[in-house]
Amino acid sequence: DAPFTLIAGPCQMESRDHAFDMAGALKEICGRLGLGLVYKSSFDKANRTSLSGRRGIGLDDALPVFADLKKALDLPVLTDVHTEEQCATVGEIVDILQIPAFLCRQTDLLVAAAKTGRVVNVKKGQFLAPWDMTNVLAKIVESGNPNVLLTERGASFGYNTLVSDMRSLPIMAETGAPVIFDATHSVQQPGGQGGSTGGERRFVETLSRAAIAVGVAGLFVETHQDPDNAPSDGPNMVPLDRMEAMLERLMAFDAVTKG
Amino acid sequence: DAPFTLIAGPCQMESRDHAFDMAGALKEICGRLGLGLVYKSSFDKANRTSLSGRRGIGLDDALPVFADLKKALDLPVLTDVHTEEQCATVGEIVDILQIPAFLCRQTDLLVAAAKTGRVVNVKKGQFLAPWDMTNVLAKIVESGNPNVLLTERGASFGYNTLVSDMRSLPIMAETGAPVIFDATHSVQQPGGQGGSTGGERRFVETLSRAAIAVGVAGLFVETHQDPDNAPSDGPNMVPLDRMEAMLERLMAFDAVTKG
Amino acid sequence: DAPFTLIAGPCQMESRDHAFDMAGALKEICGRLGLGLVYKSSFDKANRTSLSGRRGIGLDDALPVFADLKKALDLPVLTDVHTEEQCATVGEIVDILQIPAFLCRQTDLLVAAAKTGRVVNVKKGQFLAPWDMTNVLAKIVESGNPNVLLTERGASFGYNTLVSDMRSLPIMAETGAPVIFDATHSVQQPGGQGGSTGGERRFVETLSRAAIAVGVAGLFVETHQDPDNAPSDGPNMVPLDRMEAMLERLMAFDAVTKG
Amino acid sequence: DAPFTLIAGPCQMESRDHAFDMAGALKEICGRLGLGLVYKSSFDKANRTSLSGRRGIGLDDALPVFADLKKALDLPVLTDVHTEEQCATVGEIVDILQIPAFLCRQTDLLVAAAKTGRVVNVKKGQFLAPWDMTNVLAKIVESGNPNVLLTERGASFGYNTLVSDMRSLPIMAETGAPVIFDATHSVQQPGGQGGSTGGERRFVETLSRAAIAVGVAGLFVETHQDPDNAPSDGPNMVPLDRMEAMLERLMAFDAVTKG
């Protein structure tokens, strides 16, 4: 079995320079570690807690950056899509289209993403059981695209709290789809800070270790050189300068799992 | 205080004839009871559990029916919107645009609905706390539209189960927005039947009584002349021929509440 | 159908004088309203959050007070038991033995309470589904005592929060046992204040209205002349001087329910 | 850091012969693997789902067997206590007194267990947050006994389901107490089979891997030579003949964690 693939990057694409800095740094780290890397960034944060939350640079500005990143750094890129219309455009350049958790039941979006022929990564809704993802997966596969990743990112547990049910990983893997663990959003505290969403960065490694020991195809971690000043998801992002050591520890568990 | 407004109708618009039959029957019932009625129907079920679930007759066919219903029966109508693009079109005819629970954090949809100037009814996501709706409401109000309804439709409670927290009604009412209780979707068992969503119709009245005694501006109940053969949400819909007696009982509680 | 019975009193028995004051005041209120009253008080708080929490005056001091209250005021009394040994002693005087929620699966305690021949009121554990109470009830009935009350007092909902599922009332009523709604403990926030348990008194009436509209045989409400200085459960108790008005409002709903 | 200690044995003590067979087999396995072993067995199942569930051989018959096991096999033993009275008697022989999850807030039981001077293992209630265990721990420590283990065994997650929140392990470890993961009861489905409790044995290793990668001082696993015919907890117990291979895999993760 291959080691886990790392899906990483800052929550938002902030600028061309920032994207190149982050992707370059991550590529170096993964090169040293021998890990596959998919660079992740959002061009639009479409469901911020409040209107005043910064949303990102937008699709038109982001796509050329993704295209140049791919060429310059020779790595696949992932971004999330929010509407049917975006799918075809994004799919021209981006390697993996990600369906946000809140939207994982929106049939038209799933079908439009499927039709691009790109890999589709669906985040399991916080309101779904792991076995419910069988139906979500089927919508994409029946639309002619068998290249689907399923991502665990926490389940609703009372108010303003998520819990990561590690049983969901083998349950979703039974579908045959590669399963990703999103350590960043699993430590969110949705709405937990009034006008924005909180999080507990200190549990990113805790939950990543657990998921990797159980067995995952990929690990999703958002990172930033200065999370506390990032425009979104700061409380959950791992500082870039701590990524390599953390990944090294996680790879040791993965080696045992993959045996 | 006025009695609760009834928002009712079949889950899907099935045909012009069916819509006129249902709306006519409901109007007669509400006329006899002295209840305000908003006729509800979906033109598209955009998040069915599986691809093969019937989705409805579509926007183009549904809008003229809504227009004719309004004129012929002199009643306001409500339908749900799923994309920004639909908002302006739907808003030309439909009186209340409803934001589905899964989509209640999608900023662009909320803003587009707000910009129609129509009343916007937002269903609280199964993954949100009642106080989180303050932020959702603000997105619409700050977009220039103060006419917002907030609807309780259950919170995630473990897997494949919802629970109705009656505290959410006064908490949401503190925002100043009228609060609706959706008795139909609160008794859903999401994903509970494998390829479709289950439900427990027998608790529609139970939860409606509770909500009305606590105090609501409106009650949302889906109904059908033959729920067990309806194209969607059959397990949760109240048979049309039981609506009047149920509403009469509920009005007696409402009279005490509104005192 | 008869109106609901009120089970009320301060959380702890604080002193003979306090008990007579509270019971006397409640008896007057219920007399004016035409409500049946069971006087409730604990002689020992056996599961306080911390060792330093005040536990009550103890069994030996409490039993004579219960005996005198019964005689002087001609009302039935209820208290909770924590061990098998207490059951027989308490059962000599107290009319209703209450099994605390955490202990509702302890077979020996249930059987010992059953064997007293007194009415046994079992609180549903925060960790149980309403249908699980069928097994709890059977333990008592099979021990020869059919006089059982089942009480809803909230279900665990994430951390430090309870939720009241109003469906549990008709589900438990299907057993044939009278169902009580405990409005005081349903608004607890277990462990929510670090070294003690918090609560939200403002929802006592909210949830009581809901439960009574759904239909209950009894309502359990703790009350105190000065809750904020009470030795336990202060945040949940209703001030004595607000009880009568609240009960009057609740009786109006009950009259509709009982038809 | 030392490898995890294994706390293992059949759910119930069934007979002297069965106890010696099981303990002997486990001692051999742990000897080969270099794992510390604590032999676990219950003399009484005090909270079976129904009255007819088999409860075990009782305290009087079990204690001599525990004494002889300790002498003959030179290993520490653990059993659970349900009443204050049992503590002193059990504490004469048994090395670790375990407080059942439902009883983890019962002050008198905690204090009586503390007073034996033996190690006390408290299972976190399904209704408690991990940080709530600080108060539980304090009750024992303030009673003069600092030798406390804290065990995670799942949190209530809707009805008839538990979820294992791996964050609870480091949160409880912050108290300074060694933290145990109970893999057997974490896969219970409480009340899930009507008159008895169900479970999913297949997730015992899944959750154990996760917990061990996060880091635990001990692992609690019930085992039986023929789980499907065991008198209790059969659906959760690991067959004895699969224990060694599973433990070997788990030790590989533990070695990385303890590093």
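All chains are identified by letter, namely A, B, C and D, in their written order; residue positions are counted from 1 within each chain.
We adopt the following convention: a contact is a pair of C-beta atoms (placed from the backbone, for glycine too) under 8 Å apart; a residue touches a chain by one contact, two chains touch by 3 or more.
All figures in this text were calculated on a predicted structure; none of them were measured in a lab.
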item	value
Counterpart interface for A-B, drawn from C-D, A-C or B-C and sharing over half of its contact pairs	C-D
Between B-D and C-D, the pair joined by more C-beta contacts	C-D
Chain centre separation (subunit A, subunit D; CA means) in Å	37
Distance from the mean Cα position of subunit D to that of subunit C, given in whole angstrom	33
Euclidean distance of C-alpha centroids - subunit B vs subunit D, Å	48
Residue list for subunit D, restricted to those that touch at least two other chains	155, 157, 159, 163
Category of the chain touch graph - line, ring, star, complete, other	complete
In the complex, subunit C residues that touch subunit B	155, 157, 163-167, 169-170, 200, 203, 206-207, 209-214, 249, 252-253, 256-257
Complex contact set, residues of subunit A against subunit C	157-159, 161, 163
Touching residues (chain side subunit A, partner subunit B) in the complex	46-51, 55, 82-84, 102-103, 105-108, 111, 125-129, 131-132, 135, 138-139, 142-143, 155-156, 159-160, 190-191, 195
